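Two complexes are shown next, each including subunit A; its partner changes from subunit B in the first to subunit C in the second.
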Partner chain A sequence: MSTTDVVAPATTDELVAALARATPMTRLLAGGTDLVNDIRRPGRQTDLLIDLSHMPALSYVRHDGDMLRVGAMTTFTELQADPLVHEHAFCLERAASQVGSAQIRNVATIGGNVANASPCADGATALVALSAEVTTLDGSGHRATRPLRDVLLGSGRTALTDGEAIVEFAFAALGNEHRSAFAKIGWRTAVSVARLSMALVVRFDPVAEVLSEVRVGLGAVGETAFRDAVLEGLLEGRPADEESARILAEGCADAVRRSIPGRYSLPYKERAAVGLAYDAWNALRICPPCEPAWG
Partner chain B sequence: MELLLTVNGTVWEVSARPTARLIDVLRDQMGLSGTKEGCGEGECGACTVIVDGKAVNSCVMLAVQALGKEVLTVEGLAASGELDTLQQKFVEQGAVQCGFCTPGMLMSAKALLMANPLPSDQDIRTALAGNLCRCTGYKNIVAAVRAASGQETVAMEVPSEKEELLADLAVPGLAPAKLDEGGE
Partner chain C sequence: MTEDLRYVGKSYPVHDVAQKVTGELVYGSDLNFPGMLHAKLLLSPIAHGMVRSVDSSRAEALPGVIRVFSHLNSPADTYCRARIYPGQECAIDETLFSEHVRFVGDRVAAVVATSQAIAEAAVALIEVDYEELPALLTTEQALERADVPIHADGNLLYEHHIESGERVDTSGGVLVSSTTGTPRVHHAALEPHVCVAQGHSTGGLTVWTTSQGVYGVRTVIAELLGLEYHRLRVIKVPMGGSFGGKTEFILEPVTAFLAHETRRAVKLLFDREECIRATMVRPATETTIRTACAADGRLLDFEAATTLDSGGYAASTPDYADHMCEKVTRLYRLPHYDHRCQVVYTNTPVAGAARGWGAPEMITAVEIHLDKVARRLRLDPVDLRLKNLIQPFDIDPVTDMSLGDARVVECLERGAVAFDWTARRARARGKGRYRRGVGVACGAHKNGMFGHFPEASNMALKMNEDGTFELSASLHEVGCGVVTTMKIIVAEVLGVHPDLIAAGEADTSTTPFDYGTFGSRMTYVAGACAEVTAKKLKSAILAAAADVLQAPVEELVAREGVVYVAGAEARSVAFRDIARFGDMKHLPAIRAAVTYYATSNPGSYSVQFAEVEVDCATGLTAVTDFLAVGDVGRAINRGMVKAQFQGAVQMGIGYALYEHVDVDEAGRSGVDGFKNYHMVNAPDMPDIDVLLVEHEGDHGPFGAKSVGEIAMVPTAAAVVNAVNNALGTELSDLPLIPDRIIAALAASAGGGA
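Take a look at the complex of A and B:
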């Protein structure tokens, strides 16, 4: 413990130099709301702590052509209040607003949320549904971009190598013809870790009245947030009606059944999944509110 | 390692381990024990302080993260020896019982009022959602924050548990449900 060294780079050059020193025992400190307790656990050895909180250049949301670019050190408070996120990534805004408490949102970052790789990370669930790409920087100054789904490997596991820092997320900015939503179920109303979460993105043609480009992100269902391609396929080309809501809910419950067969919480979660899916569907506001027919 | 931290307007030079949390340095090195540690994992908010104008949990923040920033603790609210308006309203409204959550409540409320001088009850409740109090039931705390913002303290438009339950039980087309309260 006492041998931990701390560096707080303020520029990209300083960050690269710090990352070049990284070993398997090096940790990147973003907001710290998960990491601080982790590194203080008995037996944890950290040789170098790279504090990213003095890197203002990693905190931004900007429009770049058809893309929205979000710096890794952007906090949830910032995401929640950002007009570009509101307009072009509504599900991310809703997810950000439901992370922890005001105190947590003020420091916790989207980059930390993904790198920490909790299966229930709200930010990751929204970014998965937005088909986000991740750009990283390493100790040789090399930048690499890959799909988020290739970075999230499992609970607490990512494809990030030692000394590889997430610097940016990018995804296609949603336009007027798109709708997105995020819904979550936790132990209590606020300040709660998701027990189930869903981010939905659809393109809705108001003339043809059909859904396309359907993307369904599920959190706290599997080892990591993921998109359910089968469910997306079932909804593609369908009208925005009660039957579509039912298909979404049934698919969500199916995903839960597949992910935790036999678990004590399954009877609760498969029912909760139905309610969650209807919450997310209704938040899209593309048809009159629907309710599940509880059988 | 040596750290220079600005707390309540004063620059402190302290010696701390690199993994020392902000709350450890505040309480143990600076003697600012008004900041309380409850859960130690960012759930209860008793450790809330303000860093650069924003409420944060000092139990899940390292002291090094506060370098170059302005930290305000509950001691900073009454630095001149006189209670801050917010503290005064907590006293007047009976928003304190055991008092353990109070410093954190005050700092979350202070951060809210610094950013939003005329918050709605919903704003207040959102700002205080990360501060747990097991004594007061929150009502007087919300009233105190509202009073500190200079707004009249009126009965809040928050449905009671009974009203929420009845709304849940409502079936379209049927007469509203009634609760049988055992004739009490």
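Take a look at the complex of A and C:
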């Protein structure tokens, strides 16, 4: 019978020491809502479990110049209620509020959501649209920062090495001229993984009254959340009108067709993508600030 | 009678609620015995094939492993998991371990070890070589491939044909045909399946089970293992839900065998994935209905053909088929009714008992069909049904029995008013992304098994030395409050509070024979037995009181545990003093034992109304309002009766919109847990109004009829009919998952945002 060693570092030094012991069979416990099920599967062997829940230093949201920094162990409940996230990363707030159930959101963390690398991870979809960077720490105490898109490789696959822990996400805080939104289609209203998700970030120039800096993250339509440049290009420079909404919706259906050609779920998803895009577009209306008037 | 009721009709919690919320209650999986062993099953990873070899040497070498069993070292005798009394006719096709594996999840081998972890590790070390056979995953495939028999007698397991009445002239009538598919679903009881058995050094055996019928467990195990019945004790332990999924004996025979062989205590506990794959599912059915109607909506002819997917073993599905043919004439007056039902083996999970026993499957098809008829005739669905529903005391032409004081018409009429049906039906469905619709469906079910079995119940009741009472009955609490129900009935008869009555659950060593809690028989049959038993005991109390008070028994009245002389109430004696009077002179005689035989099997009815909003862009359906009306005769425990309807609606909405256990081309189920097996959860549940129609015209205690199964019979059809009303579609392939709704809208080119 295999045994599992459990360590619960409380300081960065202890965390580095724990990470230094990591092997390919080491797992990081960052909430556990997926991991606990996974490590109990037959055939799974875990030699070392590093429990990050005693690391308060990894739980924060703070403004740093133009950047918003989010600690990896910040729970979805915390993200959902955070005033900085509300003001500067509304799509992340919306995504956080739709993860699982209240019980899951109380323990599941944004770092765990990304590291678990589910194609339908709501947090990852929002962070992709926010062009987030990931900072990691390893067993030698080395910190590295790279774009999130370089970390997410596929379903259940990341570029993280053994003993490399995500410690922080950082992205440009959205300003007064930006709006963002998140929408998701699951099997039911709540406590459902996404069958399709979209995070939308735009800048709305109040003088020219056109959209720019459009970023669209799509989830659950491929191996991992991704930004779709074609879709983004369709909206660039357009007014915030119903025609733009229609273009986004049709472009979203196209993006789904490009992403999962031949997949059995395509006939459903290409049609549902239209509804998803409208949901995301309409949610831009409720994004703070509510002035200048939108659409 | 009703105005005098002191306890019946009020609301009480289930008897063990305090133990449940404090965590004190000991469930099957909590049981622990000195030296107890743990079993883990090796389940077939393939859908169909022969086991060529089993090499358990590496597993047996693992420290802590006691024994490994497979078909090589276990009885080859077959049994039926659904048999409830000795000699009962049933399809006997199952062995403890299979050489011929018939579905993904079939039992191939078992490890018994000193810990759960060791047993799990050892199972992974067993090497099995399979010769694969073609996997027949649909009833069509199974019927086509007679050259690939899943069982020796072929893949057509059973056929049943019912015809009643005479064909009438249908010329000039409207002919409508429909085909409805109902899905294979998981019962989804919160507690997984578990069984604990203790093999005694004397050769005897004790089994602790979360079964719905311990006497059935005893007969199946005793005959399989060659044990005399008095050396085999089966005890019902508290369970966390069943919904029919624990009615049949799935873990009990194999656990008993392992304990008997090792002469140790053995626990076998399934996880959720095993429960989904390897216990039992509600059978998938497909029913084609052809009707002929007069222009005014009267049904002239009704023909149905049903195919039921039994999965890898028969379980109770032949009986299920019989019952599917006994639902329609309980509900509608039909001049001519013809129903053919075939049951087919496939290489898919075993199908069997599920709440409603064929009624939800059949009634769903009937009620979806009737809405199609209403559309053809341009009749309101309520009006169409009112023209055809049975009336109180109609004779069911299929069973030749009275339907009793059947109040389905009243349910429909009162429900339509309460739901504001006419106005809501006339309201615009909407043309945009979100569309609203309303639907109605009627349902019929039974009250016990009279007509099929010698339906009876046994109980004994005694008064204690202090004037409290103990009921001895083989009760099986499966979550529907049967223990509390029996206490309330006894309390009402004796005139004492239900808290003064103790009642326990079934134990073959100490409680008298009873089939168990299923078949909608508890309140109507066992409850009547409790009423008769309590009346008999009350007579004994009054006889003793007559002696104490020196008054004629006819002049005595009992109230709140005291017997009075009518008109001279100063002359009284408390129950407890009857016991003490004259050195316990009377107490030894104050006991009663009754065998009660049922003599009727009336219909229980429910009519349900659903309002839905369908998102045409995503295909997601929200049930926005719901009314369940029930003809229950008399509510014994009012809160529990309403809760039965509310829970049933949750289950029925899932049946209509979400739940299905599909298998892939290899016969493997795509769902393995609640992460991907979606049930309706709280955020998606509508408010549910429950309206009870109470007439007490039948033979149940205080007029009560069954509720647990009828409550979910019409639910799915009401929801599907509402969706079809919203979209102008004729969807009839359940569940209506978003993909199917979007595909239907795309096909009709009326959808989109």
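The definition used in the following text is that the second predicted complex is superposed on the first by the 283 of 295 C-alpha atoms of A that agree within 3 Å, B and C clash if a C-alpha of one lies under 4 Å from a C-alpha of the other, contacts with A are read in each partner's own complex, and residues count from 1 in each chain.
Definition applied: contacts are C-beta pairs under 8 Å (C-beta built on N, C-alpha and C of every residue); 3 or more make two chains touch, one makes a residue touch a chain.
Since the model is a prediction, treat every value here as computed from it, not as a measurement.
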- Query: Between subunit B and subunit C, positioned on subunit A by superposition, is the outcome a clash or a fit?
  - Reply: clash
- Task: For A:Leu276, decide between first (touching subunit B), second (touching subunit C), both and neither.
- Result: second
- Message: Contacts for A:Leu84 in the overlay, against subunit B (first) and subunit C (second): which applies, first, second, both or neither?
- Response: neither
- Taking the superposition as given, does A:His54 touch the first partner, subunit B, the second, subunit C, both, or neither? first
- Kindly classify A:Leu234 by the partners it touches after superposition: subunit B alone (first), subunit C alone (second), both, or neither? neither
- Message: By the touch definition at the top of the document, which applies to A:Ala190: first (subunit B), second (subunit C), both, or neither?
- Response: both
- Dominant toucher of subunit A (residue count), subunit B or subunit C: B
- Task: Using the touch definition from the top, say if A:Ala17 reaches subunit B (first), subunit C (second), both or neither.
- Result: neither
- Who does A:Ile260 touch here: subunit B (first), subunit C (second), both, or neither? neither
- Is A:Cys287 in contact with subunit B, with subunit C, with both, or with neither (first, second, both, neither)? neither
- Query: So, does A:Gly32 touch the first partner subunit B, the second partner subunit C, both, or neither?
  - Reply: first
- Message: Counting clashing C-alpha atoms after the superposition, which of 419-427, 491-499, 545-553 or 725-733 on subunit C is the one that bumps into subunit B?
- Response: 419-427
- Item | Those residues of subunit A which subunit B touches in one complex and subunit C touches in the other | 1, 37, 190-191
- Item | subunit C-touching residues of subunit A, taken from the complex the two chains share | 1, 37, 42-43, 185, 187-193, 249, 265, 267-268, 271-272, 274-276, 278
- Task: Please give the residue numbers of subunit A that touch subunit B in the complex, ascending.
- Result: 1-2, 4-6, 8, 29, 32-34, 36-37, 39-40, 46, 49, 51, 53-54, 77, 100-104, 106-107, 190-191
- Task: Under the touch definition given earlier, write down the residues of subunit C that touch subunit A in their complex.
- Result: 117-118, 120-121, 124, 433, 615, 617-620, 622, 658, 673, 675, 678, 680-681, 683-684, 737-739, 742-743, 746, 751-753
- Note on the structure: Listed in rising order, the residues of subunit B that touch subunit A in the complex are 1, 17-19, 21, 40-43, 45, 48, 54-57, 59-62, 64-65, 67-68, 108, 111-112, 126-127, 129-131
